[in-house]
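Worksheet for the structure shown next.
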Amino acid sequence: MNLFGDKWTFLSFGESHGRAIGGVLDGVPSGLDIDMDMIRTQLLLRSGQNAVGTSPRAKNEEDEVEWLSGVMDGKTLGTPIAFLIRNTDARPEDYEWMRTHFRPGHADYTYQQKYGIRDWRGGGRASARETAARVVAGSIARQELEKRHISIHAELVQVGNETNPKNFDTLLKQIQQEGDSIGGIVRCTVEGLPVGVGEPVFDKLQSHLAAAMMSINGCKGFDYGTGFDMSKKGSELYPEGQVPCVSSGGIEGGISNGLPVVFRCAFKPAATLAQRYKGRHDVCIAVRAIPVVEAMTAMVLINI
Amino acid sequence: MNLFGDKWTFLSFGESHGRAIGGVLDGVPSGLDIDMDMIRTQLLLRSGQNAVGTSPRAKNEEDEVEWLSGVMDGKTLGTPIAFLIRNTDARPEDYEWMRTHFRPGHADYTYQQKYGIRDWRGGGRASARETAARVVAGSIARQELEKRHISIHAELVQVGNETNPKNFDTLLKQIQQEGDSIGGIVRCTVEGLPVGVGEPVFDKLQSHLAAAMMSINGCKGFDYGTGFDMSKKGSELYPEGQVPCVSSGGIEGGISNGLPVVFRCAFKPAATLAQRYKGRHDVCIAVRAIPVVEAMTAMVLINI
Amino acid sequence: MNLFGDKWTFLSFGESHGRAIGGVLDGVPSGLDIDMDMIRTQLLLRSGQNAVGTSPRAKNEEDEVEWLSGVMDGKTLGTPIAFLIRNTDARPEDYEWMRTHFRPGHADYTYQQKYGIRDWRGGGRASARETAARVVAGSIARQELEKRHISIHAELVQVGNETNPKNFDTLLKQIQQEGDSIGGIVRCTVEGLPVGVGEPVFDKLQSHLAAAMMSINGCKGFDYGTGFDMSKKGSELYPEGQVPCVSSGGIEGGISNGLPVVFRCAFKPAATLAQRYKGRHDVCIAVRAIPVVEAMTAMVLINI
Amino acid sequence: MNLFGDKWTFLSFGESHGRAIGGVLDGVPSGLDIDMDMIRTQLLLRSGQNAVGTSPRAKNEEDEVEWLSGVMDGKTLGTPIAFLIRNTDARPEDYEWMRTHFRPGHADYTYQQKYGIRDWRGGGRASARETAARVVAGSIARQELEKRHISIHAELVQVGNETNPKNFDTLLKQIQQEGDSIGGIVRCTVEGLPVGVGEPVFDKLQSHLAAAMMSINGCKGFDYGTGFDMSKKGSELYPEGQVPCVSSGGIEGGISNGLPVVFRCAFKPAATLAQRYKGRHDVCIAVRAIPVVEAMTAMVLINI
């Protein structure tokens, strides 16, 4: 449910406008130095400070992580790392209208049906605010991966039908002025992954990556290698003798082949629009999803 | 690794040209009548008998299931259901060349690197023959779902860039004559799923579906709802008041919203081409993937 | 590692003298009213207030639970319930000697060997203080079980070789005066459990109960039914026609038979003795283990 | 349910008088040579050939293992190892009376209540015949452990109240003549286990051992270290400076301390008595449990 991984096990908790969000990360080896600055940077990217087309929770406000256990003198103990981020701008009165209103394209309706009760304040558990906890956990995983010379890099490669990154800012500003929203595609590249990572049949590397990406709020599609591109025939994609094969996207038979692993995540347009609702709203959630894609990729790789 | 699900737990086994493939399915309730004819029909579809562009393992040969346990007088006992399918046409001599040859776009290289040993006969464990065991298990799950009025239907909706089903046969025959292969997209629709299926955060319905689909041999992409289509803005997709929302693909916040769940799976062209290798080869693996997509969808839904 | 259960999943965290201990409980159904008074009472029993032969952490001090998520207006939301208990009397200077000293019969040595680092303050993660988090989680589970008319009751039935409960107080006071410690046996009875609970083979009811009890600090033995008593023959224990059978302890073939389930847990004498170390020390850890046995029994039953 | 372990995952199947029993073992590394003779020897011990007080399934008959997958030229492939043992003497007519009769102290009643259906022939899934599959899987695990210089040895240390092994044969023969049955205690010793094996809190080494032992048919109790012996005080058991501590039974804080791990399993008297039922019946199931205790110990250690 709210649990991820069986090596570095992560249990996330918290409602958007409850007392706090946070998580517990179990299975982290002892003796690891945690780079707190890197976590802070990733949290800032996720909160969308200064980025075009995003809706930072509150201007000049930072998500501050309180570490409850598992770390002593800056080093991990090998015991569960518990942390929390207080919800400092919890102003439930702003969200009073959500108590009785189901927003289209949101989880309001399905949560109400499933649980018979919901924390209606700002999306509650279904709010993308929950991804801040993922960024904290994933950043620790990423630090460990970097020690193994495995690097992860995600970037925005498409906004609407626009694929030239130079035009993204202009397009996003235009959509923002319309009070509308637009979808985007994030591409993620993993370099340094040795050959042999992933398991056959049900635990293929791409299965774990897909499940993790599809768990990110607003992600509607995942592909790798040739993906949804149907334009080429087998003879073009798999030249005789090319082993490992470039068009395989870094994975063959569910197992990394030593080439960079490259995959894409499609994000829908935000469903809450400025033209309808007060406040600041995301124009393109793919922008703020970038550090979350990286964090979840790290969580997959550390667990496989 | 070779294990799927924690309610209906399925452990699959077997190499393509070893003694047998099969599986054990644990967690099936007692007292269920198994429809053996339906399983036989699905296995025939998977083996590609009579279909254009497929390479049935052997003409007029049928995969015969031997039931070892868990069933008495045609009824399930509530104990593990073990079954096997013998590999009757295991002719290792036809595959002698594979002992030292790595096929591009296949798992030969990655298996050898990962395990230091591999069953080189016909792809061994990485062969799509393994999906026959999935079809058996998934068909039992599907029978149980049908009792709950949940139906699953997959179909081929694209071959290469062709999206008109009427033209598929002609296109496939043409590619077959070229000795080449081509990709295809399978769309799957689940009807009758009640609202409330799926869990928030990491166990979203789409995460489980994506992981299962990406585990099918040759599947390179998964999407649902708006997916990779970036052509529409938020205001078009999420009309105020439309709850549940049509463009959500049947899932909101990771939870089914009561509308049909619709998703797509992109399959690559087969990497083993008739123009290069002797024998009959699949022109479009998406064709034979259809019953596997249905079987894995059933396995996801019975386990969530 | 620090995770228990796959239906009501509990992840426990915290070092004895770190900032806080606590846990996250995922899978609790929505709409449950939590009885906070009952939790407080169980925590008091665990802390050993006023009981003979125990060492309350600090006189007149109470473990106060801070609820972080998953509860709104006193009702569960169906989302993860995170809680913490601050370590208010964390006085690391009292434990300075433990930095370099391994206590016999404790985890100091094994933790140091396993992790290469340890929180030496008061036992750190291995301290029995961790069981307070279990009592919180288990009490919620127990409240749900009581709604289903399943009751759990544990009691001290043996101290040293003394089996008459009337003599326990005198014996414990005597051992306390000697500055020594003594073992004890806790018996737990589950009433109201319907027939059919437990799974065959590896997930037998007794397997889950045994694993949970053996995970409690200082527990060295588990038995049920005839247990370690070897005095009777089969003909005496299993009279023809007695179905279900009384001597089975409420479980037959791993499955509850509808009679009360009765099992015993053997606790070792405390390894830290007042005659050696300053401060107040437990004379008989079995006394404070009683609410922990009940809590873990509830966690097993809610998860099976 | 019928699944054990998450590293070496074992799924057991089969009814006592169905077509076959067997299992699938997933996660075994590639390149391991399997010693088939050792497996055969352990199966013979389990079947009780020539031992006093046991009821071999059929005189001079051997359980023959058929290997279906995962092994090529005697070496493991790293893929699932599936095997089966046919039930050659399946004579359902001998068990016709069990169709309507519930034996006291057996799973007949609880299975019928739980499943509403049962394979009544010779105990079906609840029969101890199932442990043959555990012996096969556990023996492979044990071979791998022996390569790491970890040895496992179980032995009968008590029959009824008799603790002198020299008297066991006479006692068992006497009980056999009475047509009765008697309980026994098996002690198991693990040598060569390095310090640091086991996890804190819920995955303590003793928790996993206890769960595995309690899953063996007829096992009613587990203890280690001081166990149920309440005769000694803390000052006697934990002498100052003795680190690691002898009375800890090889485990401190849930983690192996480098000394031999020693634990005991209490087995009840067989519930099916020769004085009541036709055929040959076990006088002391502890005798045949010895190789099963060893097998399950190996399965625990390979998975932790």
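Which chain is which? They are A, B, C and D, in the order written, and residues in each are numbered from 1.
We take it that a contact is a pair of C-beta atoms (placed from the backbone, for glycine too) under 8 Å apart; a residue touches a chain by one contact, two chains touch by 3 or more.
Quick caveat, the model's predicted, so the values are computed rather than measured.
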Chain whose Cα centroid lies at the greatest distance from that of subunit D: A
Pair joined by more contacting C-beta pairs (B-C or A-B): A-B
Subunit B-subunit C separation of Cα centroids, rounded to whole Å: 46
Whole-Å separation of chain centres (CA-atom averages), subunit A against subunit C: 38
Separation of mean Cα positions, subunit B and subunit A [Å, integer]: 27
For subunit D, residues contacting two or more additional chains: 1-3, 12, 79, 114, 125, 200
Contact footprint of subunit A on subunit D as seen in their complex: 6, 79, 200
Interface residues, subunit B side, partner subunit D - complex: 1-3, 9, 11-15, 18-24, 26-27, 30-31, 67-70, 72, 75, 77-82, 84, 114-119, 124-125
In the complex, subunit B residues that touch subunit A: 1-4, 12, 102-111, 113-114, 125-126, 130, 158-161, 175, 178, 180-185, 195-196, 199-204, 206-215, 220-235, 237-245, 247-249, 252-258, 264, 266, 268-271, 273, 275-276
